[in-house]
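Chain nomenclature is as follows: A, B, C and D, assigned in order of appearance, with residue numbering initiated at 1 for each chain independently.
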Amino acid sequence: MRRDVTARLHLTVTDPALLVLQIAVAGAATSERLTLTLDDVVLDPPTELDAGYGGRSHALECPQGDLVIEYVAQVDGRRETPAPPLPDEIDRISALRPSRYCPSDRLLSTASREFGHLEGADARIDAVRTWVHDRLLYIGGSSKPTDDAVDTLLLGEGVCRDYAHLVITLLRALDVPARLAAVYAPGLFPMDFHAVVEAWNGSRWRLVDATGLAPRESMLRICTGRDAADTAFLTSHHGGVELTSMQVMAVVDELPREDPEAQVVLG
Amino acid sequence: MRRDVTARLHLTVTDPALLVLQIAVAGAATSERLTLTLDDVVLDPPTELDAGYGGRSHALECPQGDLVIEYVAQVDGRRETPAPPLPDEIDRISALRPSRYCPSDRLLSTASREFGHLEGADARIDAVRTWVHDRLLYIGGSSKPTDDAVDTLLLGEGVCRDYAHLVITLLRALDVPARLAAVYAPGLFPMDFHAVVEAWNGSRWRLVDATGLAPRESMLRICTGRDAADTAFLTSHHGGVELTSMQVMAVVDELPREDPEAQVVLG
Amino acid sequence: MRRDVTARLHLTVTDPALLVLQIAVAGAATSERLTLTLDDVVLDPPTELDAGYGGRSHALECPQGDLVIEYVAQVDGRRETPAPPLPDEIDRISALRPSRYCPSDRLLSTASREFGHLEGADARIDAVRTWVHDRLLYIGGSSKPTDDAVDTLLLGEGVCRDYAHLVITLLRALDVPARLAAVYAPGLFPMDFHAVVEAWNGSRWRLVDATGLAPRESMLRICTGRDAADTAFLTSHHGGVELTSMQVMAVVDELPREDPEAQVVLG
Amino acid sequence: MRRDVTARLHLTVTDPALLVLQIAVAGAATSERLTLTLDDVVLDPPTELDAGYGGRSHALECPQGDLVIEYVAQVDGRRETPAPPLPDEIDRISALRPSRYCPSDRLLSTASREFGHLEGADARIDAVRTWVHDRLLYIGGSSKPTDDAVDTLLLGEGVCRDYAHLVITLLRALDVPARLAAVYAPGLFPMDFHAVVEAWNGSRWRLVDATGLAPRESMLRICTGRDAADTAFLTSHHGGVELTSMQVMAVVDELPREDPEAQVVLG
């Protein structure tokens, strides 16, 4: 399997800011290039930071100007997820904790009522995926960046991150460790960065995508975290930044067929 | 400086559960002992897990019964905080992100209006500490475990974790990295586990305690995280557990005088 | 049918306050007596205010002291609800609007998904009552005065006002007018003020009690409103008041059998 | 003073719906005309309902089609507010209660801390108006229909209804009765329906507009209620309705100068 991805961001930096990018594929790529151009001048490469699970953040203090960020990568073959920054046990325990957009401590009653009768992590993962898929409408622009999984549940609609947050929140409330992965997703339409769930079934991290909008087999990990607070493709601090346009592209040499029933691991 | 601490928890386990304890002091102690007794039978020592920043979690699958947990430790001298699990830069970037009980993305407007005119991290840290101290009433039992910093701000009262969450949330909204530390706090009254803030001023992690209830110099770190979701002294999963009683003790050979103006680092 | 009710409130007024009582039965009683005693001195009768639907509020500016309020009434026979303060049409339109504890605009998606397929107001009323009954646990003291129906839905437990708020909220979201009635409820255990729902089925206001804790036939209306904000038995303004104890008593000469399926009108 | 107002709404009714309009001026107009045209056919006049305070709602069951609603009125001279539907005392007590978008029970601590030291209703009204004016940014489209005053306070921005809700909520939390009035506001830019506050200062209902966007002297009451849930210019039930465009016009023969310090009563 060969995957090719590109992300191109156009920003206007109105006040010098610290920018943190999470757009590079996790782990090593067969080939890749990250180019930042400010007012048509190529910048020095930004600092690359290990973000855990193979994820790589790029941080730079950026002066005022028009910034163009371009990332191009090619990845041949499937890859394993690198180890988490802490031992596996504590990593899984962390994945049970409530987080900003996944307040599992507020959905204990809902999760127990809907799924408490199911035995085993796999059955719970399958049921939660189907339930969220059936319960939400995918509507672009329907949610706000500050919405958490409770907001999504009440609203009944959202985008990929909202689907993922609701799945994660319900699973954690059921004592199933769950985390979020930002991915490139060949076959996704409309093409964009995508967000999916990794849920621990007792022996491995199953890839769960309640949107069902792209084949999971060919998804390519960018970064991994508790929820979207950890996986934003762009964050800015102490300055003024406007994202004026963005293009994401992800293709695979042969697009797999998606079978929602199949157990898949992100690779 | 010599510090002696003890924590004793009495639990009734009504359904076999995974218990995660975070009661051991971070890093190495001069001497320590963790004893678990189930229905008067001493259990094998639980698995010790590296939780980052020197923190150590203890996890055990516990059968039904009456469980008594006793931890006793002595620490001579001050200690440095061990390195975080990821590089310092990404650790500080993580400490800017909103988390479950510290939804900084919901207090951007409040933080900017109250503190946006202040230059420099130290000035902001000082102002936030004073503001939170003046604005909240410390009232035992006034808050709920699911309360976040917005709830605390509206309620106007809380306990140590609520003070810490509000400080952290405002600081992150001001682009000052901030995290929570659970500590033993000699001099605290009534004695209990305590929660304080570590805020990055550009060169070090300043210890901030808006409650002002104990001298910061002699506090002893237990564990470190984004908010109370990461630092609970006891968490249980997939079972039934009731905490029936708890005693915490922390003494120092010579209790320092607390000067809220002094810059202190947790040691 | 003869019903006898008594309410006795003991208050400590620490700062002179405006007190508003809603403890008298709506409409005319066969006999009744309201006595207020401050530090053992009988006060002048408070101002009686028409609160709509036959409800009567009693307001008094109360000085400092220990206040004892005693209300005793006997009602023979069933009674019709007096007309609302505004025409019936606008009254029913008002009963469709979201209110403080019944934010129906936040449960549109939930209501539509669960009940949208049902035709007719009666079917929706029956289904909502059963759903709320099955979904909540009645647990005294489980909710807070500021909880709204969304909080109740997430928490999965509550007391009579929480049951009523959730029923009202779902019905309004389904375009079924619904309002709250505070009542004396013979047969309720433990005895207390009770809160129930009146829902408009197209021809009359059906009495709905998702708690099922007392026969609806013998309930006696106190007051009527959008939610508990309108029907509190005691409200105080601009002063300091503490309710130190309270007794409520309600008996009927012959306690009816409650049939949850039967359509009942409050009388 | 002569005021001329016009409102023109274009709706697409995709499913037969109950429509409730609140666009007519309260009380008697010197002249007025309400015309409804469905697919170019003039409809029978809708039912006019007394909504209290002189307000008049118009309700109609509307079949599918393109509906054009046009209201034109002229009012000569200032007018008094008609009496509320219930006695003045209970009306003022109602105006102290929390409501859907004005959850005063959640801002007790904030109100007390900011304004609790002020004596007298007038001082509190003035201070709250200034505080809200200074604290919010008026940004069209910045808020959602489900936002309440707590959301507005946190967000720091909003439109006229958000300003009004926050003023009302703080005043009620301070035991100052406050309610919302929808008005035509000559001089408002951009022209639209406007929302303002009426606050009881102990002897009359002062008109408060924290936006300061139009002179209060020439505002013309449409309807009056607890918050925007009561005063929507258009509500639809059990059907499908889309508002495709809307024009509002309000002029006065001589535009007064607005003095925010002056005490004004809506007339």
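The working rule: a residue touches a chain if its C-beta (ideal position, glycine included) is under 8 Å from a C-beta of that chain, and two chains touch if they have at least 3 such contacts.
From a predicted model like this one, the values you see are computed outputs, not experimental measurements.
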Shared chain contacts [subunit A and subunit C, defined touch]: none
Chain at maximum distance from subunit D, centres defined as averaged CA atoms: B
Subunit B on subunit C, rotation in degrees - Cα superposition, rounded to nearest 5: 180
Geometric centre distance via CA averages, subunit C-subunit B, whole Å: 44
Between subunit B and subunit D, centroid-to-centroid distance (C-alpha), Å: 48
Between subunit A and subunit B, centroid-to-centroid distance (C-alpha), Å: 29
Shared interface positions of subunit A, touching two or more other chains: 106
Chain-to-chain touches, reported pairwise for every pair that qualifies: A-B, A-C, B-D, C-D
Footprint of subunit B on subunit A - complex, ascending: 18, 20, 47, 49-52, 57, 59, 85-87, 89-90, 93-94, 96-100, 102-103, 105-106, 145-146, 175, 229-230, 235, 237-238
Contact set on subunit C toward subunit A in their complex: 106-107, 109-110, 112-113, 135, 150, 154-157
